[in-house]
Amino acid sequence: MRLIVVGAGIVGSACAYAASVLGADVTLIDANRTGRATSAGAGIISPWSARIDDAAYTNLACSAARAYPALVAGLAGEGETALGYRQAGALMLADSTQQQEEINQRLLARQAEWPEMGDISLLDPGQARELFPPLRPDARAVHIGGAARVDGRLISAALRRVAGRNGATVIPGDAQLRCAHGAVEGVTVAGELLEADAVVAATGAWTDAFIEPAGLTLGVTAQRGQIVHIGLGLTDTSRWPAILPSDTGHYMLAFDDSRVVAGATRETGAGFDYRVTPSGLAEVLNQALAVAPGLADGTYLETRIGFRPMGPDIRPLLGAVPGTDGLFVATGLGASGLTMGPYAGQLAARAALGLSLPVDLGPFSPVREQ
Amino acid sequence: MRLIVVGAGIVGSACAYAASVLGADVTLIDANRTGRATSAGAGIISPWSARIDDAAYTNLACSAARAYPALVAGLAGEGETALGYRQAGALMLADSTQQQEEINQRLLARQAEWPEMGDISLLDPGQARELFPPLRPDARAVHIGGAARVDGRLISAALRRVAGRNGATVIPGDAQLRCAHGAVEGVTVAGELLEADAVVAATGAWTDAFIEPAGLTLGVTAQRGQIVHIGLGLTDTSRWPAILPSDTGHYMLAFDDSRVVAGATRETGAGFDYRVTPSGLAEVLNQALAVAPGLADGTYLETRIGFRPMGPDIRPLLGAVPGTDGLFVATGLGASGLTMGPYAGQLAARAALGLSLPVDLGPFSPVREQ
Amino acid sequence: MRLIVVGAGIVGSACAYAASVLGADVTLIDANRTGRATSAGAGIISPWSARIDDAAYTNLACSAARAYPALVAGLAGEGETALGYRQAGALMLADSTQQQEEINQRLLARQAEWPEMGDISLLDPGQARELFPPLRPDARAVHIGGAARVDGRLISAALRRVAGRNGATVIPGDAQLRCAHGAVEGVTVAGELLEADAVVAATGAWTDAFIEPAGLTLGVTAQRGQIVHIGLGLTDTSRWPAILPSDTGHYMLAFDDSRVVAGATRETGAGFDYRVTPSGLAEVLNQALAVAPGLADGTYLETRIGFRPMGPDIRPLLGAVPGTDGLFVATGLGASGLTMGPYAGQLAARAALGLSLPVDLGPFSPVREQ
Amino acid sequence: MRLIVVGAGIVGSACAYAASVLGADVTLIDANRTGRATSAGAGIISPWSARIDDAAYTNLACSAARAYPALVAGLAGEGETALGYRQAGALMLADSTQQQEEINQRLLARQAEWPEMGDISLLDPGQARELFPPLRPDARAVHIGGAARVDGRLISAALRRVAGRNGATVIPGDAQLRCAHGAVEGVTVAGELLEADAVVAATGAWTDAFIEPAGLTLGVTAQRGQIVHIGLGLTDTSRWPAILPSDTGHYMLAFDDSRVVAGATRETGAGFDYRVTPSGLAEVLNQALAVAPGLADGTYLETRIGFRPMGPDIRPLLGAVPGTDGLFVATGLGASGLTMGPYAGQLAARAALGLSLPVDLGPFSPVREQ
């Protein structure tokens, strides 16, 4: 079975990796688009704490988190250990003991089903700052021991490399979908047709343009995110937990290299406008400094920009596209791309190869009723 | 007379230029230090509006502004027209008609003596936004017709070039002062002695280190400024006036190339720490957006960092250094370097060459009582 | 008459400027494409020396050079003096006195018709190095006194600004051509139709994509150029002439700010691949150092990349597009864009406005026989 | 025992790490100097192939390589796996079968003593290109199976982090050595004295300035290296061996992230002049393209600059400084810093703590006869 995966972000790279493990004849094609969400995304893996009231979404996100450790171990077995991955925990911030308790209850209610969240503990401000020293002095927190973080660029590249060593072909190029008689024929790259039995569009915010030859529109749009990187000199940040303030949608996380990442704007309607703006930058910095004033004298390193693929609702678009045999999409992961991406890619690979699935993709149908 | 000028910021470049025009044998030496104030400074020339209650300072600053048009014309006569200079006016913002009137009165009180400030007029919010469209809708202003702006890098380079064509030697190098028997001998560069009858230290925030061989300390320190550049696409900003909010010490100005500059932090005690910080960047962006919300969707281009040379008080340090014959300093211009620099450089040149001065330098003595 | 000009490189900016001077109702629209040739181009104005044996081309290029001083003066009259323009001369290098004499004869043969080339003189190696000190010690040269250089970014922006102040509308956006019934209707930008009586496509290497709705193909392709900028510290390079080696197609020129520009690769078939490559960079550096070994210890500043629009032959494509009333193109200027651009833009404006032309555009017909 | 280590390059970081493992009270201080050799160095670990005829040097370098795998394993045990380390082998290039055989013999002669070099095999051109596809088609090679590569920035940071978690204090600052009565007292940082029983100067090319208070000069100078990074898109370079051409002193190596590093210039006398130069860049590119023409169409990413610390001869300066009790140096590793650094740091730690040493430091005495 010849499978073509278009888009080498985390979803497409994971899809090619999974398909290569399953023995498929895989080609992964990437156009190297500016603003790929994977390259800008933060990488917090802590779905248990989300305030999203959608069972299908929650199940997918938590299943994705469950699958992460085995994926990381599998990659390590292939000699790929530099993923920026670390189970450093997360702090959900609370303004009061009451709010702290509410968060605690919400997590405990899910803990039986999702034990991967690890130990849950209530931290007073002093304890919270011990784990993340720049925090404001009065921040209470709930600590989620099983939360992790990952570097989207690194893990995607590692997935691609192992896919390649498993036999997948990984090529640059701007792929155009080719359909005929209600089925995919393959894609053209630089004028040449590459035939395939199935095509997975892991094309992120560019999905609607890619599947246009299939004659339908899925309503995937680009949500711009601006995300700030702050250096902290010689400080060892490698064990710092991710920070999840309660209400703002903003967050922070740290990587090994004395770096804290603060994000992010959620700019709907900005289109593919790859720019750092004064208001976006101010928003991210103000939110970060309000929560972690200890970052004030760090070093501003850079602002990354990503275009998150947003479907018509919170759920990813995952599965076969009706009306065109052999066409599958895996996109719409929004702000959860680095959490759900590897799992979504794996599901897409299995679906495209006609294998059984551990999850019902019905709720994620690309053309579902809303 | 052999004159050595150390430091090719705006003061030193102007000093070398003036001395070359006066026929002196000039050598200008520059160590290309990171964080030179001239390269980061904003460049608003509007001293009449400052709320500084020091007659000597005000006289120097206004005299400097008075001298600018002739300097620009002189450079143009030498084929140097790209200075970023334009008499685009300035808006002093006011929160109320009462404050507007106070500003107006303050300016009018100085207008007889300093007619270069040009026409003064009161603008209602609509008129102010017509001149500077991103302004907040309710900002009243007083318009100062004679205010100008200049690009510090460009004018310094032009002054250096003309000095060179007039016969000055302009060389890179880290000059060390050499004194003996209570007089300057010259400077050493890369181990070689360059002899001189007079040395002008236009060494900015690095002045105390430079004059150490003369055995005294002037108390010049570095005040860090972070200053943000914002692009506005195809917008013609070339005629936009400078913006002087009433109380904050922050300001904005525009250059020809669709660019607005917003600044600046005034960080005392940061030393020569060449970094953009989250708090500094947030401060400048917040101040700019509060005054000019229309900049929100511009493009963040860069943040420049400069180390302003601050003397022990508001006044520059300008003139002979007692105890060491032939040693002169011209520094301590603080946040007014691009306004006063050319004039201060010219005064230093005349002083070093033993010529008459249009201004009494007594109040600016490097070792004055305070 | 409503005129829309698409593309704000030097051709489009000049077209909008010329049309605005002529009183037309002009809108200039620009998509801010990465790799615009105008932003990377070198800017040597010295067409008299080209070894191109095409009378129509030579006439156009020399006419363009003839028109430059008046254009610069006109812009200065509008307060626009920072164009990077200077009549600094050019040196055509020769390996032997014989070659030197051949160059001399070629120039003299054109001097009567094109006196703007200024004085022509033969320089021995010492004289040549006096004008351009980094030259290799044995390079003879022919000096062309009237040659000039210009900064493509600066002059384009100045043309746009004056156009705007003359009443033109200058807006960002990705314009799509709209035609109906054999005539242009205008363009759509972000889904909105802007109607026009005439549209000038000053769309550079992107022209074929832009005019596709008109149903024809002109064969304009992108030729990639990589061009290196080298800093020279405090050296005054403002009067250095351009350097035209005899055979290589490479060249050098200097700008006021102690900067030498060396270029350029001519990469056909690279497409819109915006990258600096090891081979391109090595080629440009090797050529530059062979000619001017004195640049060896300069500072590598950056490499710019431009996509030159190349038509099917050496001549620009300039004039009405048959089959679509109101559609004009002005592109295909290849490596001569900064020399011919302002003039080509002006001709396009006059053609689109139905005015008389000082040049027969027949040889430049977009669909000419070849 | 209170130990202060000055300089957090690979030597100082390894020294602090080793001392922390040994239970010492360690403080590591770093001034974050621009041009630190560790941050620019290539990272090939293959000392067996060097054409250096000095037994002490060879023994130290090969012992250092022998110690690497245990160090990497130790760091992995501390959760530090992202070091850029991989035993990817190395290719020594040969122009002829005769030269190939000579290289082979040289290696075999050392293999009994240094089995870590792994398998040695002769590769014909086809085999060599299979391992490093951009190689020129006619390059024969000798393959060294045990050669490895490492990222200097990553391993230094990892060593620092583990040192910190072991109890070491890691602080930024510009340390000044304090000596009295023939012994170290400690260092001052920002005017404050930090007392110590021993101070290790791991201060690289800045060593002579640092130990000046001890009243002697070691003759350590800065050798500038310019080193070019080339991106290869989606190509999996993670298993590519290092490339060691036979005569040029230039080399190449690859990292996991589709990146090839080509280096380097060896510029003696350039001082601390942190610049990329046209001649340096051309030299590195020309050498790389001559050996590996397949890199021609890669993407030029950046040029890094490092100041290698060079002692008076090829050997490192390692051990106690006579005349000042408690002062030790560990520097002068030249172009082998990333190979020998961790081992040299460990030896310096043991020496400073008065522990037994596995190597006689006599030949490396900082004040040895030459």
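What to note about this one:
When the chains are written out, they are named A, B, C and D in that same order, and each has its own residue count from 1.
The definition used in the following text is that a residue touches a chain if its C-beta (ideal position, glycine included) is under 8 Å from a C-beta of that chain, and two chains touch if they have at least 3 such contacts.
Computed from a prediction, not measured in an experiment: that's the story for all the values here.
The contact pattern of A-B recurs in C-D, the pair among A-D, B-C or C-D where over half of the contact pairs coincide by residue number.
In terms of the distance between Cα centroids, chain C is separated most widely from D.
Computed centre separation for the pair chain B/chain D is 45 angstrom, with centres defined by C-alpha atoms.
Averaged C-alpha coordinates put the centre of chain B at 37 Å from the centre of chain C. Multi-chain contact residues of chain D (touching two or more other chains) are absent.
Taken chain by chain, the contacts form a single closed ring in which each chain touches exactly two others.
Every pair of chains in contact is given here: A-B, A-D, B-C, C-D. Interface residues of chain D facing chain C in the complex, by the touch rule stated above, are 228, 230, 275-279, 281-282, 285-286, 288-289, 295-300, 303. Across the interface of their complex, chain D is touched by residues 8, 30, 32, 76, 79-84, 86, 154, 157-158, 160-161, 164-165, 170-172, 233-234, 236, 238, 256-258 of chain A.
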